[in-house]
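Structures are listed in the sections that come next.
Below are two complexes that have chain A in common, paired first with chain B and then with chain C.
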Partner chain A sequence: MDQPLLSVRNLTVKFGEFKAIDGLSFDLYPGKTLAVVGESGSGKSVTALSIMRLVELGTRAKVAEGEVLLRRDDGSTIDLLKQSERAMRSIRGNDISMVFQEPLTSLNPVYTTGDQVIETIRQHRKTTRRDAAKRALEMFEKVRIPRPDKVMQDYPHQLSGGMRQRVMIAMALSCDPRLLIADEPTTALDVTIQAQMLGLMKSLQQETGAAVMLITHDMGVVAEVADDMVVMRNSKFVESGSVYDIFEKPGAAYTRALLASVPRLGSMKGKTEPERFDLVDREGM
Partner chain B sequence: MTTLRDTTTLADTRERPPIERYQGLRMFMANKAAVLGAILLGVILIISYILPLFITTDKLAYVASRHTPPLTEGGPILGTDYLGRDVALIVMHGGSTTLEVAGFAALLIIFVGATIGAFAGYYGGMVDRVLMKVTEFFQVLPGLLFALVVVALFGASTATIVIAIGIVSWPPIARQTRSEFMKQKGLEYVKAAKAIGASNARIILRTILPNTFPILIVQSTLTMGAAILFEAGLAFLGLGDPNNLSWGYYVGLNRQYFLTNWWAVSIPGFMVFLTVLSLSLIGDGLQDAINPKLRGR
Partner chain C sequence: MLAIATKIGESLLLILAVLVFNFVLVYIAPGSVIDALSAGSLGDASEAQIEAVRERLGLDKSFFGQLFMYLGNVLQGDFGYSPIGNRPVVEMIAPRIFPTLLLAFSALTFAVTIGIAIGTAAARRPDSFLSSGLTVFALIGFAMPVFWTGILLILVFGVWLDWLPVAGMNDLRMSSRAGFFERAVDTAEHLILPTVSLGVIFLATYARLARASMMEVLQSDYIRTARAKGLHESKVLFKHGLRNGIIPIITVLGLEFGILLSGAILVETVFAWPGLGRLAFEAVLNRDTNVLLAILTMVSVTVILANLLTDIVYRLVDPRIRTGGRA
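And then the complex of A and B:
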């Protein structure tokens, strides 16, 4: 197997005394999609923000210990937690990009979408505005935005949620990052758009070869797009492995409970009205 | 996922209705009071800046006997003051002084207030605490008194008056900018800008600041009105630039003759009133145009 692109080792993040992440370790391989799964508050988003070194922004959070090792193009590894803020700025957007949960609020309302993507490109690449605009247009086409030249001149409020999320993805991928972190990218979208976005991310991944770290609580999404998965609960690592293995033979009781929370096709056959799910027995997990 | 391209292009091929480019202007025009304010300010600007270009006579020359009332046969239209000077001419020339002092003061107030507010709001923590203590210090100073001291110490030139007004008036702007920055910095688009590798300076100047413009623009019209009143107050107390008679200064000069010569006091005073009124009407209109939530109140 390849060397991992990103290795998280024993990551611990504290909010005061409370441990939001407690000794988390996992590996992410180039070109693969890793799903980080868990219920709300299990530490998934904090994990993503810690990798980006954004977790300490405006909160009391502190990365207490651990390593986040990123493999560079030349094969050497750097610990993101030890980089200066200046070095991190050149890594963010360039090596690692992030797409957020709320496409409605993650674009700046006062600039056109095109301007925002162009500015992003120009922050990392020394190019003229004209070349950056050309590149932005390419990216808009790549994320299958219809009439990209028109949409580039639109302000975010003129676009639908799905379109805005496409713009976000175009922006995130505009500097060819090797890792894309997607923090519940489909949660705020309706189901038909969700399917489109997942398909889009999957085909973009094949085109660009970027690794994707997908944060989600939706088992359907995991089964659809992920290669490997990490299960988290209450700030702690539960288990990890390939999606195929875990769906087949979940090792931990909690993973079984998570999987059981998704209705199975046909389980409601013959019933005339909806029923409650069986409550999962959490004792002993 | 082979049909991906088809489904995605289907979703958005319908033409959207054309967007309203001039919606803001329309909202402003819908506010009759604001339009009145804009017209009023336009007239005041013409009187202060265009008309003087066509009048070559010395504004300080003796034109008719002292205390000639307005509309007297053979006298100037708005009468004369206690030295027999033409009130209309002096008031006309005084407008530019008043407007310039107030305009520069408002610029200074917005610049200082927005800068300090932006730093305090964005960085928070220790930076915020120190800057807010400084702001509070300036806020509890008795404004007019402090400005009087500054002008008395450094001489009554246009520059010192502008600085004096600026020093005592920036705290409210700083607080407003700070609260706006605190609100905006928690929003997802700021986090997204950060995640894309933007520096702090870039986020302050290019990401958040343009989002505070709606508030700053409205505030700047109101600040300008306040600065005009402030300048008039200082000048009335004799701390204006004696080489450039502003409206307030002229009111002050004539105040001891008020019982016999009401017009030389009232006319420049009325001009101050009209200017401040027009600015605050415009401010209201801008608020309507910029902040949709307040519309139709």
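And then the complex of A and C:
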């Protein structure tokens, strides 16, 4: 097997005395999709923001210990937690980029979508505005935005939710990152658009060869797009492995409960309310 | 474009309404210019002579007669004659407009730029000394009347330290042959204390407003996106943060312009600044209604124009208003 692109080792993040992530470790391999799964408040998004070293900016969070090792093109590895802010700025949006949950609020309302993508490109590539605009247009075409030249002139509020998320993806992929972190990228979208977006991300991943870290609480999404998964609960690591293995034979009681909570077609037949399932804590997870 | 044209139309109607309102306000105020003249130059005049002056000034007409005469004259650019100054009102007002606007804009620029800078710095570190110091400073700024601030500044910088001039717009000893640059520097020196004393109350407002607005903006998702793109913190703050954070400040700016001009009256009196404010103060004392009405009109028109400008700038800054967005 390849060397991992990203290795998170014993990552611990604190908000004051509260541990938002407690000793988390996992590996993410080039070209693969790793799903980080867990209920709300389990620490999934904090994990993503910690990898980007964004968690400490403007909050009281502190990365208390651990390593986040990123493999560079030359085969060497760097610990992101030890990089200077200047070095991190050259990594963010370039080697690692992010797509967020809510595309309307994640795009700046006072700049056109085109300007926001061009800004990302010019931040990391020495290029003229005209060439950056050309590249942005290419990216808009790549994420299948109809009439991309017009959409580039539009402001975020003038677009539909699905279109905004496509802009976010175009922006995230504009500098050919080796790792794309997608934090609940489909949660704020309609079900039909969700499927389109997952398909788009999958095909773009095949095209670019980027690794994807997908943060989600939706087991359906995990089954559809992920290769490996990490399960988290209450800031702690629960288990990890290939999606096939964990869906087939979940090791932890919590994972079993999580899988059991997914409604199945026909499971309500002959019943007036959903069947209760055991609370995990009672089993002493 | 249509929206801006509508706004301009609304503003013109508003100016007309304000003209009528100002006239009514001055009409119902006790005392008239005749009383002031009777106490001064007309002190020895007979009843018939006073009646003749009243007739010449149109004060013998009915309320509506006076109102329509006034509106007709104003719409033709004629603000009447000042029996106190013994000159047409326009001649008295014209040289006073520039000093007042200079003082108002300089105080506004001082308050907005410094206020936003302090507010933004405080918003970045809400628990810092700067942030809590700002609250105290804002309270002091609000609590101090402008004339009191002015007197304190005169005492400290004019009397004790002797750093800055404290009265007028130019040094009286300045040669009439002084060049433009020399005169401008002298005016700038004279402008500092009035600007600070008028600006400080607004500085407190804008700093607190900027702090609150920027604190909210800096928690926004698009700020996180800007950081995730690898942008430098200064670009995140000024390009992505401030452009959004400034929107509530622009709104207040237009609304407060009137208060700024009324504050200018006090500051001009304290610093002997040769502006409209001091003229208005003298006009009130002398019941010089034509001058007072003309100044009220000038101030009202300026406030309405400032609000119109605010509306236009608001549209330029926030595309959601310009394009009729819902978000």
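As a working rule, the second predicted complex is superposed on the first by the 270 of 285 C-alpha atoms of A that agree within 3 Å, B and C clash if a C-alpha of one lies under 4 Å from a C-alpha of the other, contacts with A are read in each partner's own complex, and residues count from 1 in each chain.
The rule we apply is simple: a residue touches a chain if its C-beta (ideal position, glycine included) is under 8 Å from a C-beta of that chain, and two chains touch if they have at least 3 such contacts.
Computed from a predicted structure; not experimentally measured.
Student: Judging by the criteria at the top, classify the pair chain B and chain C on chain A as clash or fit.
Tutor: Result for chain B and chain C: clash.
Student: If we overlay the two complexes on their shared chain A, which of chain B and chain C does A:202 touch? Say first, second, both or neither.
Tutor: After superposing on A, A:202 lies in contact with chain B but is clear of chain C.
Student: Name the contact category of A:144: first (chain B only), second (chain C only), both, or neither.
Tutor: first
Student: Going by the contact rule set out at the top, does A:261 touch chain B (first), chain C (second), both, or neither?
Tutor: In the superposition, A:261 touches no partner, neither chain B nor chain C.
Student: With both complexes overlaid on chain A, does A:10 touch chain B (first), chain C (second), both or neither?
Tutor: Neither partner.
Student: So, A:100: does it touch chain B (first), chain C (second), both, or neither?
Tutor: both
Student: Now for A:92: first (chain B), second (chain C), both, or neither, which partner does it touch?
Tutor: A:92 contacts both chain B and chain C.
Student: Taking the superposition as given, does A:110 touch the first partner, chain B, the second, chain C, both, or neither?
Tutor: After superposition on chain A, A:110 lies in contact with both partners, chain B and chain C.
Student: When the two structures are overlaid on chain A, which partner does A:162 contact: first (chain B), second (chain C), both, or neither?
Tutor: A:162 contacts chain B only, not chain C.
Student: Could you list which residues of chain A make contact with chain B in one structure and with chain C in the other?
Tutor: 52, 54, 57-58, 89-94, 97-98, 100, 102, 105-111, 119-120, 123-124, 158, 168, 171
Student: Okay, in this complex, where on chain C does chain A touch?
Tutor: Residues in contact with chain A: 124, 218-233, 240, 243-244, 317-320, 323, 325-327.
Student: Contact residues on chain A for chain C in the complex?
Tutor: Within the complex, chain A contacts chain C at residues 49, 52, 54, 57-58, 85, 88-94, 97-98, 100, 102, 104-112, 119-120, 123-124, 155-158, 168, 171.
Student: Given the complex with chain A, which residues does chain B contribute to the contact?
Tutor: 1, 4-5, 7-9, 11-13, 16, 19, 124, 185-189, 191-199, 202, 206-207, 210-211, 213
Student: Spell out the residues on chain A that touch chain B in their complex, using ranges where they run on.
Tutor: 52, 54, 57-58, 89-94, 97-98, 100-102, 105-111, 119-120, 123-124, 144-147, 158, 160, 162-163, 168, 171-172, 193, 196, 199-200, 202-203
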